[in-house]
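Letters A, B, C and D mark the chains as written, and numbering starts fresh at 1 in each.
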Amino acid sequence: MSTRRRGKAIGAGALALVAAVIATSLGVAGAGAGEQSAFALPRAQTFYMSGSQWSPYGDVNPAKTWDYSTGTIGLAYETAFRFNPLTGAFIPWLATGGNWRTNSVYVMNIRRGVKFSDGKTLTPGDVKYSFDLLKAPTHPQNALWASTGLKTVKVVGNTVVFTFAGKPGYQQFDFYRYNVAIVPRHVFSKYSTTELMTGNLDADNIVGTGPYAYVSGASSTAQTFVWQRRAGWWATKALGLRPAPRYVVDIHNSSNQAALANFQAGNIDLFNNFAPRSAIKGKFKTFFNKAPYHLGANTTWLFPNTTKKPLNDPQFRRALAYSINMNQILDKAYQGLVDKASPTGLLPIWSKWVDKKVVAKYGFSYNLNRAKAILAAAGYKDTDDDGYVENKDGSDISLKIQCPNGWSDWMTSIQVIAESAKAAGIKITPGYPDYGTLVDDRGHARYDLVLANDRQYSNTPWTYYQYIFQLPILDNQTTVNYERFSSPKAWALTQQLDRTPTTNTKAYRAVMSKLQTTFLQNLPAIPLWYNGMWAMFNTTYWTNWPSATGGKYTPTAWNNYWQMTSIDMLTHLKPAKGN
Amino acid sequence: MWRYLFRKVSIYVVTFVVAVSIDWAIPRFMPGDPIQGLLSRMQAQPQASEELTSFYTEAFGFDVPLWKQYLNFWAALFQGDLGLSITNYPIPVTELIMGALPYTLALLVPAILLSFWAGNKVGALAARRKTLDNTVLPMSYVLTATPQMWLGIILAWVFASSLALFPVSGAYGFALQPEWSVEFARSFLHHWILPFSALFLVAFGGWAIGMRNLIIYELEADYSNYLASLGAPTRLVRKYAYRNALLPQITGLALALGAVVAGAIVVEIVFSYPGLGTLTLNAIENRDYFLIQGIFLFLITGVLIANLVIDIAYVFIDPRTRVGMQGGA
Amino acid sequence: MAVSDRDAAVVPTGAPAPSLETTATTAPGGGRPLAAAPLRGRSEFRYFALRNWKFVVGLGVVLAFFVLALVGPLLTDNTPFEFSGPTDQAPSSEYWFGTTSFGQDVFAQFVYGLRAAFLVGVLGGGIAWLLGAAVGFTAGYRGGWVDDVLNMLTNVVLVIPTLAILIIVAAYINVHSYATEAILIGLTSWPWAARAVRAQTFSLKTREFVDVARLSGRGTRQIITTEIAPNMSSYLLMMFILLFGGAILIGASLDFLGLGPSASMSLGLMMNNAFLSSALLLGTWWWFVPPGLGIIAIVGGLYVMNVGLDEIFNPKLRET
Amino acid sequence: MSLKVDGLTVYYQSLRGDVKAVDGATFEIADGEIMGLAGESGCGKSTLGKSLVRMDARMRYVDGRVELDGKELPVWDDRKMNPYRFKHVSIIPQYALSALNPTRKIGTMATELLASRDIPLNGVVDEFKRRLKIVGLPEDVLERFPIELSGGMKQRVVMVLSSLLDPSLLIADEVTSALDVSTQRAVSELLVEFRDRGFVKSMIVITHDLSVLYQIADTILVMYAGKLAEKAPAETVVHAPAHPYTRMLISSLPEVGVRYAEKRLIGIPGRPPSLLEPPTGCRFKTRCPLAFEKCAEEPPFVEVAPGQAAACWKATA
């Protein structure tokens, strides 16, 4: 009997508990921001952003360029220069300037009066130390030492002198000028080499020159990574700059879907995830107020595996390029959110180097008849009447096109490519392996066709040509030349470009023309569209966002963009009225 | 009783050894090289690739013969060391799992226990009562046939996206950090309700049906008829039937754990809940072999332990396990 | 076999067991009936079947969707992936289930998805059924060390979380077809069936007719197929139905996680696409509601049909 | 008169119609009488026994009255019947071996049962123990689970429990059939002892085993196909049966009364009629060697000799 009553009591208790839980949690929705907790951040002074961190917290090691929490370089550590990809200008930052004293000696002037967050002054010694760190062969940026001809970095007075052997890789060096984090020697010298290259540095011990300091989030369980504005940033005094948000919070993404939900709910201010166009409405704004709405950030390429038949045939690749219905991709997959890429694949900021004559001669665009004609002329015929062309030896052609699973816009795009290639008689089926598998297969040439867009905005088209042409080809092509296009001539031209200073316009233009000709004649990769620098702004809490008509800065929290111009976005933001 | 427990434990030990071995073998014999995957992720410059390969080969312990790797794996296992994550190198896998575990447990444990409790109660109530049976039963069938992720999506659509009563994703508000405070607790609960409900409702349907069918058997059993013949009130007859019907349900609970865990994985993904499910999907997408391996091992160990606990509890609940070793009655 | 061994109770993976659990349990206390003495003849089955609303409704729903899966693709000119129309259209007379945000026809996706569901269900459930029956009969009939080994194997596979294994395996070997997916599901979801069959075989093998068959010198396989299995036919049928439904649910989960075949449409993949495209945030409900309802209808129909069968074969369960 | 049954008619519901299992049963049992109830399986004897205590879900009361100790038993109403069960009318079920909840200790189960009937425990529990001793069971069976007892022990526990409240009428349904021969004898002797000690006032012992009844019963009631065939003192039934069915039943047994029969009732050619649609007239007529035209009419169950009643035209003639 008593057990029965006890049972009832437990039952009633459990029901009451569930009811209470629902009631209290609903209360939260109503309660709003009024209540304070030790960690609760004030909404009006906090800048929430998403789209950068796609796995649990990794580290704050600036050497781990693929892994560090966003802002590690840009908000905490800074670089000697910054680069504005929208204007192509270098911006002096921790360095006040620099110049080539000779063809192979570069002198960098270090800014005086810059203090690290622990109060110690930034010295040219710190800058030298930071560049010297890249000497370790396991350092991801080791190419500065390995392939530009850099021999020594020395401190001379208030300058740092870079001495090169032979013709320096100007283009690469320029890239590193704004991509090497300047770190405090007095802190970093306590770390072991292994820690510095591959380890996780202590987040509580970030000593940087930047405007923000670490607050929380350095744990694999954190949902967010929180930066707090610190007093005494050098640029406030030197340049009159002060970032508006007191807190900058990066939200870890689990999916675009979840991020969009939070953006719509007003929990995110800067949304750097991909979202369908219909999400842009009301108080949610973008850089352009009409199509394509977003800036382009990089070129999306279609990489054919040039070691496989028939993709080893430039004529076949050309036919494939003609068969792609780009407008349908822009329409269906992106609803007009992106622009078609130039046949050269070069980003709009490099358009001044595009040789229009070359493009007119060798360029391509969607044209089914041309595609069919090229196929026929090259000897690809449909010998068994199945609607698809066969190899020259009569064997079937059946290609597979892949992109990472879950990248919904790309998934749709490759479906379009498969469909429109079919119309030209090329049999292609789409596939969506997980990202890891795809990377592995791509590196080891176990694929037919893949999409990739690794190379972002940079100071130089050299990064694009290196991406396409770099030799030698290794067992695993982890970063470049996925298509395994082996052309010593093209690679030599690329290296020649590296060794040509941008200021030598005539020589530069000549090399660029040759590169474009080689590229378009061979089409080792097919440029498709400019993938967007996805950025939606919630104007409820912050205004004065970057825009085509206002401040031309990169509106993104993605890594490497802070030291381009994303930091300017923060210094130009204004709190919305009433907040 | 001891023989019973011994048999159980030996099954679990064998299961564990087999599972650990499979687990160890997966990243080593499946196509694809974890270190090359890491290098790809790093976007390592080609010049550095050789250096990095040997560095990481050593760091992950791939530089010794296979049999030795296998033994090392066991040795490390007993020290709670599941290796290092690839995507989050050099964070230990254990740390990542431990970070996600509380969230998964916070969903799973209440969902399992409450659904078991409520499902059994409602199922027992419905059995042999026409109107209740005709409403509860069809509803339960719909629930048990519902894919959890779909229920999650529907709940998110209705209650979060349309009515804006609950958040769609995450485990707590972005303005907060995990801590023991009322505000955090409320935010946590607010985020917890929907994913919990998705898990709870589906499991609830299953238990209700199971109990409803089991208790009908028990109510038809001889001992129930005897009790009724001696004038025992329905209350007592149903109580006995319920208790006895509960026994196979408890067995079912142990076996259903695997399925519930699976449900939690998809539900977490729908709600971006930062538990093991989301971690698993991340690990798979990034081919983080050691993390996948660790989670898998963890899930198996968890399910095994839960099974063992239920087995031991069962000895106390069902007298027949204690005294019935002489064989069939 | 100790009656009190709780191994005897079984739960299918996926959903906690509908009624099979009850019939599969060898009775605590020893008295529970073996599921159903076979009904005498087809006419008697038909007699009870037609009077059982659960069986009739369940079967009706499943058949209706089966027919839709068969003829559905003929009703539309569009294929599932084809970008045939305007984007994000609500259901209309032209697009019965509306369009996706890529302009694909949801109805076309749905009916092709139904085909995949039936394929995975029948094939995956069938493989699990064969394996479960083979292992269960062998273990139950042979006994001794064969039983010990098979039982251990069963327990090992039973305890390991199936979806976890599937996720891992599916992540490593790329699943290209629903047949592959079904095989994977079949290979992992047989254990509870094996256990149930084993328990039943145990109790059947001591029956007289089996003794007679044995004395007359017939082989093991022959005895199992001609004497034991027919006496469990109703039971085996219900087991298949549950495995069928379970396979559909597991398959849907895999497809939702993006681990299934991607070149052809399934209901799980529809949910995956809709989810990834934030359909629930943009309010395009027609994209993600149908696939779930389709699964519920088929699987729920199967389960309800199963309860009906249980009642038909097992008079004690019939409604009074 | 302890029990008076008048025209009791109980049907079994099946999907194919009513099975007329007990059709117009009329008889009486005197105080202290042990009445045997015999017949082939399926003749309705168990249904009759059960309907006096508790009809199961598929049984349907159709007609008739039952009186116990002068008070009417509401056998048609499951609820109203409850106060009488256990206290006034009780049953040792056919399935005594599985009648005990397997997961409850016997003592616990008994006390919970008693408590649920609002019967004060003090006294009753002691009496329970005392009676267990009488049937030869140690007191500590109360602390045991059913699975720890042998078949015979369980049988005796159920006997003691069922009769614990000294009911006026105890129905013992096939109590011996599941037991081996030596236990059968002991158990049947216990039934007599229960009566003699006054634990029960009167008793209906249902069995198909006439030899058991010959040992313990005062009177025997024979049923055939849902109808009463004959009721008479045990001696009379065995030695001077009036109904041809009884006669054939007796003659099919080897050496009745000398030793317990080990053979079941076989011997009578033909099969009993279906009770879904029983034939009109005498239901035995198709198997009866004496059948004649009159048998197309239903024979009444009337006294054919002092203390002997039968339903047969030949017996009354």
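One rule holds for everything that comes next: a contact is a pair of C-beta atoms (placed from the backbone, for glycine too) under 8 Å apart; a residue touches a chain by one contact, two chains touch by 3 or more.
The shown structure was predicted, so the numbers you read here are calculated from the model rather than taken from an experiment.
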* If you average the Cα atoms per chain, which one ends up farthest from subunit D? -> A
* Which chain wins if you rank chains by how close their C-alpha centre is to the centre of all protein C-alpha atoms? -> B
* When the C-alpha atoms of subunit C and subunit D are each averaged to a single point, how far apart are the two points in Å? -> 48
* Averaged over CA atoms, how far is the centre of subunit A from the centre of subunit D? Could you give it in whole Å? => 90
* Asked: Any idea how many Å lie between the Cα centroids of subunit B and subunit D?
  -> 54
* Approximately how many whole Å separate the CA-defined centres of subunit A and subunit C? -> 46
* **Multi-partner residues of subunit D (at least 2 other chains)** => 95, 98, 102-103, 147
* Asked: Mind pulling the subunit C residues that touch 2 or more other chains?
  -> 4, 28-31, 171, 275, 280-281, 320
* Asked: Could you say which residues in subunit A touch two or more other chains, in rising order?
  -> 255, 257, 261, 264, 405-406, 434, 437
* **List of subunit A residues in touch with subunit C within their complex** => 255-257, 260-261, 264, 275-276, 278-279, 328, 332-333, 335, 405-406, 408, 411-412, 415-416, 419, 429-434, 437
* Structure fact -> In their shared complex, subunit B is touched by residues of subunit C numbered 1-7, 9-11, 13-19, 21-22, 25, 28-32, 152, 155-156, 158-165, 167-168, 171-173, 192, 245, 249-250, 252-253, 256-257, 259, 268, 271, 274-275, 280-281, 283, 285, 288-289, 291-292, 295-296, 298-300, 302-304, 307, 310, 316-317, 319-320
* Going by the contact rule at the top, pick out the subunit B residues touching subunit D in the complex. => 221-223, 225-233, 235-236, 240, 243-244, 247, 318-320, 323-324, 329
* Please give the residue numbers of subunit B that touch subunit A in the complex, ascending. => 32-33, 36-37, 39-49, 51-52, 55, 59, 87-91, 95-96, 99-100, 102, 114, 117-118, 121, 156, 160-161, 164-179, 181-184, 186-187, 189-193, 235, 239, 269, 271-272, 274, 278-279, 282, 284-288
* Could you pull out which subunit C residues touch subunit A in their complex? => 81-83, 87-88, 101-103, 171, 174, 176, 258, 262-263, 273, 275-278, 280-282
